[in-house]
Amino acid sequence: MGDLEAVLGRLDDIRADLTELYKDLHANPELSFAEHRTAAEVARRLEALGLEVTTEVGRTGVVGVLRNGDGPTVLLRADFDALPVLEQTGLDYASTCRGTDPDGNDVPVMHACGHDMHVTCQLGALDLLVAARDRWAGTIVAVFQPAEEIGAGAQAMIDDGFLDRFPKPDVCLGQHVFPFEAGAVGMISGPSMSAADGLKVTMFGRGAHGSQPQNAIDPVVMASATVMRLQTVVSREVAPSDTAVVTVGSIKAGTKDNIIPDQAELRVNIRSFDERVREHVIAAVQRIVRAEAIAAGAEREPEFERLTDFPVLVNDPDVTGRTTAALRKELGDDRVQELPPVVGSEDVGLFGTAAGVPTCYWFFGGTDREKWLAAKDAGTLNRDIPSNHSPFFAPVVEPTLTTGVTAMTMAALEWLAKS
Amino acid sequence: MGDLEAVLGRLDDIRADLTELYKDLHANPELSFAEHRTAAEVARRLEALGLEVTTEVGRTGVVGVLRNGDGPTVLLRADFDALPVLEQTGLDYASTCRGTDPDGNDVPVMHACGHDMHVTCQLGALDLLVAARDRWAGTIVAVFQPAEEIGAGAQAMIDDGFLDRFPKPDVCLGQHVFPFEAGAVGMISGPSMSAADGLKVTMFGRGAHGSQPQNAIDPVVMASATVMRLQTVVSREVAPSDTAVVTVGSIKAGTKDNIIPDQAELRVNIRSFDERVREHVIAAVQRIVRAEAIAAGAEREPEFERLTDFPVLVNDPDVTGRTTAALRKELGDDRVQELPPVVGSEDVGLFGTAAGVPTCYWFFGGTDREKWLAAKDAGTLNRDIPSNHSPFFAPVVEPTLTTGVTAMTMAALEWLAKS
Amino acid sequence: MGDLEAVLGRLDDIRADLTELYKDLHANPELSFAEHRTAAEVARRLEALGLEVTTEVGRTGVVGVLRNGDGPTVLLRADFDALPVLEQTGLDYASTCRGTDPDGNDVPVMHACGHDMHVTCQLGALDLLVAARDRWAGTIVAVFQPAEEIGAGAQAMIDDGFLDRFPKPDVCLGQHVFPFEAGAVGMISGPSMSAADGLKVTMFGRGAHGSQPQNAIDPVVMASATVMRLQTVVSREVAPSDTAVVTVGSIKAGTKDNIIPDQAELRVNIRSFDERVREHVIAAVQRIVRAEAIAAGAEREPEFERLTDFPVLVNDPDVTGRTTAALRKELGDDRVQELPPVVGSEDVGLFGTAAGVPTCYWFFGGTDREKWLAAKDAGTLNRDIPSNHSPFFAPVVEPTLTTGVTAMTMAALEWLAKS
Amino acid sequence: MGDLEAVLGRLDDIRADLTELYKDLHANPELSFAEHRTAAEVARRLEALGLEVTTEVGRTGVVGVLRNGDGPTVLLRADFDALPVLEQTGLDYASTCRGTDPDGNDVPVMHACGHDMHVTCQLGALDLLVAARDRWAGTIVAVFQPAEEIGAGAQAMIDDGFLDRFPKPDVCLGQHVFPFEAGAVGMISGPSMSAADGLKVTMFGRGAHGSQPQNAIDPVVMASATVMRLQTVVSREVAPSDTAVVTVGSIKAGTKDNIIPDQAELRVNIRSFDERVREHVIAAVQRIVRAEAIAAGAEREPEFERLTDFPVLVNDPDVTGRTTAALRKELGDDRVQELPPVVGSEDVGLFGTAAGVPTCYWFFGGTDREKWLAAKDAGTLNRDIPSNHSPFFAPVVEPTLTTGVTAMTMAALEWLAKS
């Protein structure tokens, strides 16, 4: 314990630099697989810390390896891509960046999911661990993953030979900043984050002048009717005791008011925790889309394209138990909570699944404690506290950064520390 | 009559050149107020014909004046902008052009409304009239108008001093190619084309991660519910004996499947022939949009922005009678039909309204006669014959071009010919 | 003219009795094919007038024949059934009657369509014609038809041998009270009233406890989605220049809040003036109903039952011209107007169609003139003037009654009067 | 144990009679507060068993008291009303009964929720307990409750002085037959059945003839749009991790296809397990109903009438633990399962709440074991196994009856048996 406090002591020396780094990353977000600036900065810092650095793993991923004698191999994972969201936080380090989305559109970009904090905390933890290398033995594989937001980065790294090119881990650890009380950490054993299936749906109508609906098969109406009908999947087809989400995150058709376009595009996101529910919901979405095309008299079948395919993230019970205990020792019992399963998705689990080893993935709070408590008391958490992917989402830098560095460091040492 | 046939005889000499011109214009469409290449070509040709040419009238409009002694002043009007439509005609002179829409997006551009044919026919008619200037007396004001598609070009020219800068017309004439039998012409006295009101509607929700609908106010659902409800304006609120159209030509919200966006945009186009109906429909659209925002629990009122504001186009009974008779003399009774009112809109009428003089605006067919008759017999006109603004719309060059040149020339001579 | 005024003079003698009769009929409405009391009263009065009376023609229909020497045979037709509507007029002779609908339900009954006035006026006209029998020659076939509201009575009388059992008419005349200025009459030549197609649609789901939607296929949602989608037939599939109405007059599913029922019933009414439009709309309704059942995952196809099948009512141009002229002579030009086609339906035309003779059917106003003019000026006719089938619909007795008797008498005499 | 087996032994003697009773009750169901025949039969049998019997407690309820020396007082509760469902089981003892619902309609009646089995089992258990009265001491208060289906019977009995007129219980026990494996029993400690709120919603439009939608404010469309919008409460406003159900069990408007009615009625049922969710959902339903009336241009606000108001049923942990253990001793561990919370509702909890004593309420299976297992393996439980309130729901008589009698007897003896 005394030892570990000494490890963490160095955080006071690097906190200003990490804060600087965090704000710089926040101001310079990059879309999935376009994280070139971010990857270069990560690589530069890993090299400065003395790790063996490999870049362009799975297109833009970075892996740093720190070998420190015999002992277990621990994979630490941070993701580093941002989102096509127009930042509205009003922060002085807010992003004004733009990027090009997969369809070639120019879009705003924002770290609306906190991956900038993940990178910062993991680099901070690595700094502490390097400084304290005499207190532990083993190998750290530090993964900086691209393209988590589109569920493609972990798979891309694995497909790029990750398991063969780097030391095989014994355990995979990672963390995510989340809109609860900053300073606190939470996790759950078992199914921890939902499966997520992304579908791009294209519905085909027939275009015509806006004044001649009788000559058209109106895809705007077709798509709107479909959106309304899709609400019934969760409201009527999923048992109240099961959990599923069907979100149409994007609807697009036409450009002018007076031209009826010839097609519409929906982007549908499906969440579930159970394979049977997942299959039913996907089938129901497809059934409804097809039937609404028939209702509209469409002459061409809708098309479905798979956008993402996240599996359920399962936290290993033993590893989760050990990690919980380790963090409680450092942070105190009341700051390490059991969370309910989160209806969000992550591809972090693919590393453990591919390697056949257990995973533990936890959350750390990013919301100002006072604000959080006030909103909780008022029952207005939903309204007042921006959640991940909101244009208003940004963690308070402290104590978020300190908690994230501490949690990652302590969790790694639980496996690596010399006894 | 012999005289007039002589006037039209020259068409054989210039038909090849006009055809070339038409295909060149078709292959090089330009969006509203961006018709720089088109305007330059028009100006070049007007100058070659010896007209007094003024460019940049109402931003990109061109006016040619031909003074030929004492007599009436006839305004001939062609519009020359194109549309943000991706051409799918498969023609060898199909457009592959792109342009920038008012929102800054890069979009495909196509002459999907036949304005290229309007320009070609009016230039052809002017050539014939110049060649036959000893047979008539008076003044021709040849208007080549920009930005008809957004209902802004005629007003822009008028606001730019059109009435003061050019001879005041006694009558305004114009024509539009339309998906009926090529070789034929049609018109109607009285209300001839509908009023058109374009509204951009922005509905405000609250963004959240796609897995947390409870933290969002989903604008995709809000907008879709609104589209479905807007259908009831025409189906339930407009008397069966009245005419109205409510088209949502564009719906846009979000970019990714797993982010619930914070707003949605609808572009709504409203057609009507009667002021009372027009007011009721516009009010009903606004009522529904506002109520659906309330139903969704929106925290911010929807916003409405006026996009277009076309008045009803009213053909003067006397002028229309004379024009009909004149065209029948040349084309034959069966090729000059009375059409029902067209539920499309035009700003051509603004010239006559501003000048306080009568207008006659007619339609000429652009569809291959055989195809037209076959589809008419089969009752599949709607399915088989692409209408204006369709990505498949393109007039057959002949006899469309010959008919358009002939009609414009004969109509002008009805007012100008020496008796 | 002097003669005819003499004929009408007797109206002053019988007006009080007719008023009494009207109020009695109004207070005692009977549903379609259940008009036993009404038929008995009609038969009694016809006999008193000396006509040959036949009852139970087409179940509850009554026919009176008045032979008066050589001359044309004129069919005069009044319908006499009422509607399942709960009267809310507040009149002292308002109905409090109830009846049994075709499904066996006990329902309120009201003369909400003015058939009581039709009967009264036709009996009044017959009285006048009997009294003036020396002034005309020919035969009157007075038809008192049941079950017009369900489009079944005329066909039932024809199927019951009407054409063989009674003198063949040369012309068919009839009239309907309508919510415009009392004292006035209106009609139009050609298509005068719309085709009407009534469909009963049954959609099949699967019942379950209200807390177990996952075990149900919810027919309430299925039917509601269908109603919303049906709005698009008129708003998107019918040309703005065509006329069609799709009304879902009744929706029924379930009885308790906490049981999801296993089926839903819609009653759909379709109006049109053109056979091609009619066919398209009926097909579109069926397409949408079937597709919405598929969207819901229904295990059984929806069922369609034909409720009514009214053809377009076409007024013969010659007969309509003569009738208009005759009424103008008596009522004055300004009280006999040309009306636009009415989007209501009638089976009166079946008599003429079956006999191969022309029909003229006109409307007479039932709304207090002051109220009518005030609402017209205020543009609130729709809101302030109850229309047929409204629970508030009731003609003002005068001058409605006088006008109806006069119009029917004069129209008959146009054909029968000795020259 | 040996003792208890002796107690249950008598079941062989009375099983035929109980089976007879069950089929008789099933064939003669009665609606809520109309259970006169049932109450009479229950009273007759309780008297025959020697209990003190009081009838008409809370209108039609029956209470039997069996005093057997000093000891605890155990309340045993069975409910005995049936549902307005048309039985479609095809059983030879199927109901053909009809009744009058609260709106005065004649409706079919069926024991579609198994209350006939509850009555039979409780009478069987009382018979066994009377026969074995030397083995236990204390007081049994046997409650036969009316009107559970409308959530009114328990409250009615309490309002009728139940707590003052009968011995105060120390514990409340009850059971419900459910569509799982017959022979098995299941329960859960804590929130066990959901809150249920029933709302009757009346939406007001304006009636008109079906051909004149412009004169109407169509309540069929208004109600259908509302139903579609209500789906979004569960799909968008309730957190995926929370549980809620919004069922529109009944929609009614209009009677004829060609009359647009002037109002529509929805019956909405809301389920939840958490007070905050409950309040949010009820408020959201009201917000949507009101906004959809505004969207329709309604001139009168919708009205809400409370139909039912079931609280959450909470099983006391200690009592549930003891009961589970007691039943496992008799039935075996594998036949007494822990169930997830049930999204159905019950007013049984009101007795315990009013008396301030703990409740345990369990479920016993009613589905043939072979059928159940086959459907479970096939993943077709939802499709193949009729649930409560289905027209096909009927427990297999055995081993359901034996299990229900056994469970009730053993649970009572857990508190009453002489040690």
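In this document, chain identifiers A, B, C and D correspond to the written order of the chains, with residue numbering beginning at 1 in each.
Keep in mind that, in the parts below, a contact is a pair of C-beta atoms (placed from the backbone, for glycine too) under 8 Å apart; a residue touches a chain by one contact, two chains touch by 3 or more.
These figures come from a predicted structure and were not determined experimentally.
Distance from chain D peaks, on a Cα-centroid basis, for B.
Just to note, of C-D and B-C, the chains joined by more C-beta pairs in contact are C-D. Rounded to whole angstrom, the centroid-to-centroid distance between chain A and chain C, based on C-alpha atoms, equals 66 Å. Chain centres here are Cα averages; for chain C and chain D they lie 49 Å apart.
A straight line joining the Cα centres of chain B and chain C is 44 Å long. Touching of two or more other chains is recorded for residues 194, 211-214, 218, 221, 225, 228, 231-232, 235-236, 239-240, 245, 271, 343 of chain C. Those residues of chain C lying in contact with chain A across their complex are 211-214, 216, 218, 221, 225, 228-229, 232, 235-240, 242, 284, 287-288, 290-292, 294-297. Those residues of chain B that touch chain C in the complex are listed here as 194, 228, 231-236, 239-241, 243-246, 271, 276, 340-341, 343, 379. Here chain B touches chain A in the complex through residues 83-85, 101, 105, 107, 112-113, 149, 194, 196, 198-200, 207-215, 218, 220-221, 223-228, 231, 245, 247-262, 264, 267-269, 271, 307-308, 342-345, 382, 387-391, going by the rule given at the top.
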